[in-house]
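Chain naming follows the written order as A, B, C, D and E, and within any one chain the residues start at number 1.
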Amino acid sequence: MNSMLERLSKEFRVTDITERHPGLTTLTADKDVAETLLRELRDREGYTHLNFMTAIDYIERGVFTLVYMLHNYATKSTLSVHVNIDRVNAEMTSIHTLWAQAWTYQRELRELWGINFPGSPRVEEDFCLEGWEEIPPMRREFDTVEYCERTFTSREGRGTVNPREHMAEIIFPNRGGDK
Amino acid sequence: MIKSLSTDATLANAGLSAEEQDLFSNARPTAYEPYSIKAVEDFANWCRANSLWILAFGTGCGAIELRPLMTARFDANRIGVAGRPTPRQASVFIIGGYSSVKTLKRIVRSYEQMQGPKFVIALGICPVNGGMYWDSYNTIKRLDQYIPVDLYITGCMPRPEVLVAGALELKKMIKEGRCDGANRYVENFDWYKANQKKVIKKWDMPDYNW
Amino acid sequence: MSLKDLISPFFVWQRAFEKPYTVGLKPIVERPGAPAYRGFHINMSDDCVGCGSCFTICQNHAIDMVKVDGLEAHGGDSGLRPRFDYGRCCWCGLCVDICTAGSLRMTNEYAWFTTNPDDFRFVAGMENKSWDGRTGGYHRHPDYHLFPPKRIEMEMLAPEESVASFTEVAKGYTEEQAKLEADRCVECGICVATCPAHMDVPDYIHSIRDGDYEKGLQLMYRTNPFPATCGRICTRRCESVCPVGIQGEPVAIRWLKRFIVDQVAEADYARILPNVEADTGKRIAIVGAGPGGLSAAYYLRLKGHAVEVFESQAQAGGMLRYGVPSYRLPDPALDKDIEHIRSLGVEIHFNHSIGRDTAFSDLLDNYDAVFVSTGLNVPSQMRIQGEDHPRVMDGLKLLDDVANGKDPQIGTSVAVIGGGNVAMDAARVSRRLGAEVTVLYRRRIEDMPADTEEIHEAQAEGCIFVTQAIPVEALNAAQSDQVTLKWGEAEMLQDPKGGRPRPVLQEERMHLDTFDTVVSAIGQGSNLDYIPTEISDQLQIKWGKFIPGDYQQMVLNKLFVGGDVANATADAISAIEDGHHAARGIHRFLDTGQRG
Amino acid sequence: MPQPPTHSSSLDMAQPEPIDLSSGKYVKLWQGPQHPGITGNMSLELTLCGDEIVECKTHVGYLHRGFEKFMERRTYIQNFTVVCRIAVPEPTFNEYLYSAAIEELAGIEVPERANWLRALNLEMMRLASFLMWTGGMSGAFGLYTVPNWTLTYRDYILDLFEELTGARIYHMYIVPGGVRNVLPDGWKARALEILKGTEKMMREVDRVMMNNAVFKARSKGLGLIPPDMVDPYGIVGPNARAAGFKRDLRKDEPYLVYDQLDFEVVTATASDAYERAWVRQQEIFQCINLIRQMLERMPDSGPFQAQMPNVLHWKIPPGETYLKAECTRGEYGYYVVTDGSEYVRRVHVRGPSYTHAIAVMERLAVGTNIADIAGLMVSLHTYPPEIER
Amino acid sequence: MNTVDEILDYAIDQEQQAADFYADMAKRAEKGGMKEIFLEFSAEEERHRDKLLNVKQGDQELHANQAVINLKISDYLVDVEPHENISYQDALIVAMKRERAAFRLYSDMAEKVTEPALQDVFLGLAKEEAKHKLFFESEYDERVLKDN
């Protein structure tokens, strides 16, 4: 395991190697070597199982972190490969030729995050949504509550009172700290 | 609710392409007229009440409790409830909880395909006021904005016991002639359509007739 | 395909003769929910305190806190009750789990259908529902908690160690302990209404969680310029209503307050806390440099008024300095509060007695406003035979002597009469001076007005409590430096009009005990002799106390009063609020000329 | 038994020639979302030549609620009530994995008794879910007797759940820090009684369904998964075990108390619809056995909840973790990222149906008969809500 | 004092004297707030007087057998002389002692007379005074012995 990680950090310049719990290691790879790295891991290191791939929106850093979770059945170890890509015109090499379910994930990422995977089959098709006109909903700047209020209607007649403010109003309207 | 303001006799079917226009009727829906003789109408209602055929469309989590309902333990067949595979044969539409916008489109389509008299039961909290998914961008919050609902059963999920009791209640309501949801749909058709089109962004289907 | 495969399915027929599984056609009646079923909500409205924790935890926004008819907000109860929206609720039961009062639970009722979706909304416990009175249903398991029910123990000096010196008994929280304790707060804010000073308790506790102690200090000074003091000796009515305490122990609000003050050095106060506004040119006289007077001085000075305080003693602090022993409130802590007030430019004239050194009427003539907060400094006499015996002493004098570094000469066996905080202080001080202490009290332990904590500590330190004991006479003992106390046992008699039970002496059960000193600490009264009759005749005074109007203002426009001499509760925090409120009133009066 | 391939070749993902619908040779047919032969609310877009399927496209999203989005704006404790809705027929795995992930990130050690109760819940859920699946499987091939049996026994198990957790479907029992309640009095005896009945009933199902000539004829050879398809398609669980892969997370990477329990991983050789059914059939018996073992060995006293902070303002230090458990369909996983705030930064739910219902289904459907498509679909055991969340 | 009316007249006179005494104290009181207190005491005595007047007219009855709690607070307190600068505590002691004295007086009288009707009147008056004493003792218990 360690020798493999050493080799990877030498050959693929992977960084941030962290063991999260026994059997789960995370590392960060550059965007341009990511596909080669995944292929290498699958073919030479026995990480034959793609658990899933997904993205995390680090809006404060201006990147999407793509997460490829790979599993090696023989050594029972899981490797989480992180790849940071730009949020603007987000695009990533497709890995649909490595794993058959990858293109489904890529469709989802394309739809819910707006990350493009050129060459991935049916990537332009609707996946979960239909006729979506807003920014991709999984992006952090998409405000789901605001969207709901704008689009859907809730039942009227609701409304709550804050106990603390209510008591202040009833019991000590002129007291307490200056407002 | 607002009454239909439109005086147009036909529907625009604007969502359809030119070649599809000919494939679908553009007639507006018509309201159900009860039989003029009360005894006949009562008899018809008695018949309707005793054969509640449910559309087999599990729109949300509520479908999970329909299975016990329809099998040996709760055996809804006893009270005339049966599942039908197609909307054309079904008279009761059970909305199983939340419905996403994508499903709403199919719900509208299925509901409009159903022959009258037809009744809608909404299960759970989500069709009432959004329920768990009150802040979800992809589920509607109030079903009664989009199709008329005759009976609400609360719970998450409502148990099969309540479904049996609810079906009995629906029977009672039908016998008393109190289920006029379908007529409400006709009367406020434009209002419902406007609501539906507000959330269903990709409207590539006819406005009413299939 | 084998023959077996053709035949074996026919085994289904064997079930044809079985009793069916099917439930009847009234399944709701036949199958009530399980005993722990999470069905429809029920709320014991009398137990509910309207803290709103259910509202806070509900992820579906299914709960609204609403006003209901017939319930008013009062101390410890916001008067609000949860209204459930069954178009939102998912019956997860988090509201039941978090319910601080334990009033909310779920029944095993689960059936509700209607044609009108707006029906699914009700105030549990206030509206009649078919499941009212059901006993079954989900309630929180006693061993399952969503917040820690037990408070973080404050480290205390061991009793054997504490009686040996006047070192502060409570050691204070460490940062880790304080954060854990602050974590227990549910941020309902019910304490704010109950605190006489209306301190922003949830907010400064929040600042502890954030580790932002400077912000915490700022929040405290908005309503209380004595945080270091109150953090040690406050009567903490906030804790008595803390909803967390209903099923567990209340959040240690007092210790958390103390923790914040302890984290900030006095040198930083000037930087953190608000500064004095531009001078207004108004002059205000304050009589008494106790908590009430100095609190008024602080808030008036902040507004830019010139403030002069007249104090008859040599040091500021009033009862806090002379009445509270230093193992509870060490002088440095009190000085930290007072020094900050003085640093703003509040002038204190020590050893300056109104009535003796300056006439009260002169104050009214020479200043724009006068705030009087002279406290209760005259001990009540027992008025029993032999009270003038040389070995009978009053508690305040004992505490005063000790605070001034004098030896009160109490000997080795002391009887303390009384059950209030002064009595406890006198008893514990006597223990520290090396005496065997017996506390005689008319009523029962639970009737003692002293802090429970203090009673426990006094007991732990070896004070012997004799309750339902009424002293009737002090006699000369065999030895001239001793006194014999005659006391009788009492029976508690229920007051037919309500109120706490009253003790009645039983003449046939009298005792004679001999002590070196008898300390009487049965209560204090005020001394208002410095106010000339022609002025006091215009004022509303009853039972030796002022009766102020709004904003603590008296009939004389210029005169504002506060503190023990003007309120019924007679504790530091009330005095502080009186001072603050009077300051507000004085500022308003000077600003606009408006009466309260 | 075939060994798992160590090297898998690159997939041929080149799309077939577009089918010319105008030729009149093909028919386009939508199965679902409103269709009795569909498992849950999803749909298949089928292209038929005669009654043979030449192309299949899975459409999902009818149940998309945006869990991963709105979980980012709920506190940790609030999320625990939400997650069970992600897979409706099997909510418990969501509760367990979410709770376990939160506990790992927050550094909370769960008491032993809670682990046993959790494992008990998971196995009971597995049993209930398999029973429902058995009903669906036989129903898909026209045997309507079996669903009546299995769903009734599933209901008995739901009654047990109701007693223990307070709810039939959404138990919300496994909570970060432990569990919410302990076994009620007499529960064990009732559970053993129901297990006995279930076992008896399953033996009859064995005769009526598994040894039924019609069922055998229709399911054998249907939707064959060759071993070299397993890893490239990410096939897990019974579907992979039926293809000869001895993979079971309960055995390979034991969680909770599975390392203290005695069981063997069930495998078969040819993963067709029949063998997949057979594997699940065996796992039902295994499940009953496991529950019995647990009822016998679990502690009856002790704490069942860890010392918890105040959940109203619970902050968890930054971190990430991926936890997985073996659910009825295979590897169910929770990927949780925290950033030190009161809200979770990212939750990704990995459901095995994600690949089974889309990539695998689309591949296996080609060449099968329109009448078998429902059976094929059920035999893969997919739950749409966990695909789209 | 041989008739019921005579006895009642005496008692009414006593109450009137008490009221006058407190009114006088109120005039002389120097301490802030004590004026009001004495006026209240005076009013209380006038209420007692009015009650006896009612009894004399037959509108109300005295109850010789009613149970009145005796808190016995005044029994062991020292006597206090009323003066201008009297404190609230001492004023209460004065009042308690006065009521106690009246109570003792009527009780003694009841023992001395033999006629049952008169005995009843004296006992009734004694009880009445006991109630008055209870009023002041409760007040003392509440406001002075509060142990703050």
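Here is the rule we go by: contacts are C-beta pairs under 8 Å (C-beta built on N, C-alpha and C of every residue); 3 or more make two chains touch, one makes a residue touch a chain.
Keep in mind it's a predicted model, so treat the numbers as computed, not measured.
*Asks:* In the touch network of chains, how many steps separate chain A from chain D on the shortest route?
*Replies:* Counted as steps through touching chains, the separation is 1.
*Asks:* Would you pick out the chains that touch chain C and also touch chain E?
*Replies:* Chains in contact with chain C as well as chain E: not a single one.
*Asks:* Look at the interfaces B-D and A-B and say which one is made up of more C-beta pairs in contact.
*Replies:* B-D
*Asks:* Taking all protein C-alpha atoms shown, work out their mean, then name the chain whose own C-alpha mean is nearest to it.
*Replies:* Centre-most chain by C-alpha means: C.
*Asks:* Measuring centre to centre with CA averages, how many angstrom lie between chain B and chain E?
*Replies:* Chain B and chain E have C-alpha centres separated by 84 Å.
*Asks:* Which whole number of Å gives the spacing of the CA centres of chain C and chain D?
*Replies:* 55
*Asks:* Starting from the mean Cα coordinates of chain A and chain C, work out the distance between those two points in Å.
*Replies:* Centre separation, chain A to chain C: 49 Å.
*Asks:* Take the average of all CA coordinates in chain A, do the same for chain E, and state the distance between these two points in whole angstrom.
*Replies:* It comes to 87 Å between the two C-alpha centres.
*Asks:* Would you please write down the residue numbers of chain A that are in contact with two or more other chains?
*Replies:* 128-130, 137, 142, 144-145, 155
*Asks:* Which positions in chain E touch two or more other chains at once?
*Replies:* There are none in chain E.
*Asks:* Return the residues of chain B touching two or more other chains; collapse runs of consecutive numbers into ranges.
*Replies:* If we look for residues of chain B contacting two or more partner chains, we find 72-73, 102, 128-130, 132, 134-138, 142, 156, 159.
*Asks:* Any two chains that touch count here, so list every such pair.
*Replies:* Every touching chain pair, ordered by label, is A-B, A-C, A-D, B-C, B-D, C-D, C-E.
*Asks:* Under the stated contact criterion, what part of chain C meets chain D in this complex?
*Replies:* 1-2, 4-6, 8-9, 11-12, 14-15, 21, 33-38, 53, 56-57, 59, 90-94, 97-98, 106, 138, 141, 143-148, 180, 183-187, 209
*Asks:* Mind pulling up the chain E residues that touch chain C in the complex?
*Replies:* 30-33, 35-37, 69-72, 75-78, 80, 85, 87-90, 93, 138, 141-148
*Asks:* Which of the residues in chain C come into contact with chain E in the complex?
*Replies:* Residues in contact with chain E: 376, 380-381, 383-385, 387, 418-423, 441-442, 448-450, 470, 472-473, 493, 495-496, 499, 502-505, 507, 521-525, 528-529, 531, 533, 536-537, 539-545, 570.
*Asks:* What residues on chain C touch chain B, complex-wise?
*Replies:* 20-23, 25-28, 31, 59-61, 85-91, 110-117, 120
*Asks:* Which of the residues in chain D come into contact with chain C in the complex?
*Replies:* Within the complex, chain D contacts chain C at residues 74-75, 77-79, 81-82, 143, 145, 149, 152, 159, 162-167, 170, 172, 178, 180-182, 184, 204, 207-209, 211-214, 216-217, 303-305, 307-313.
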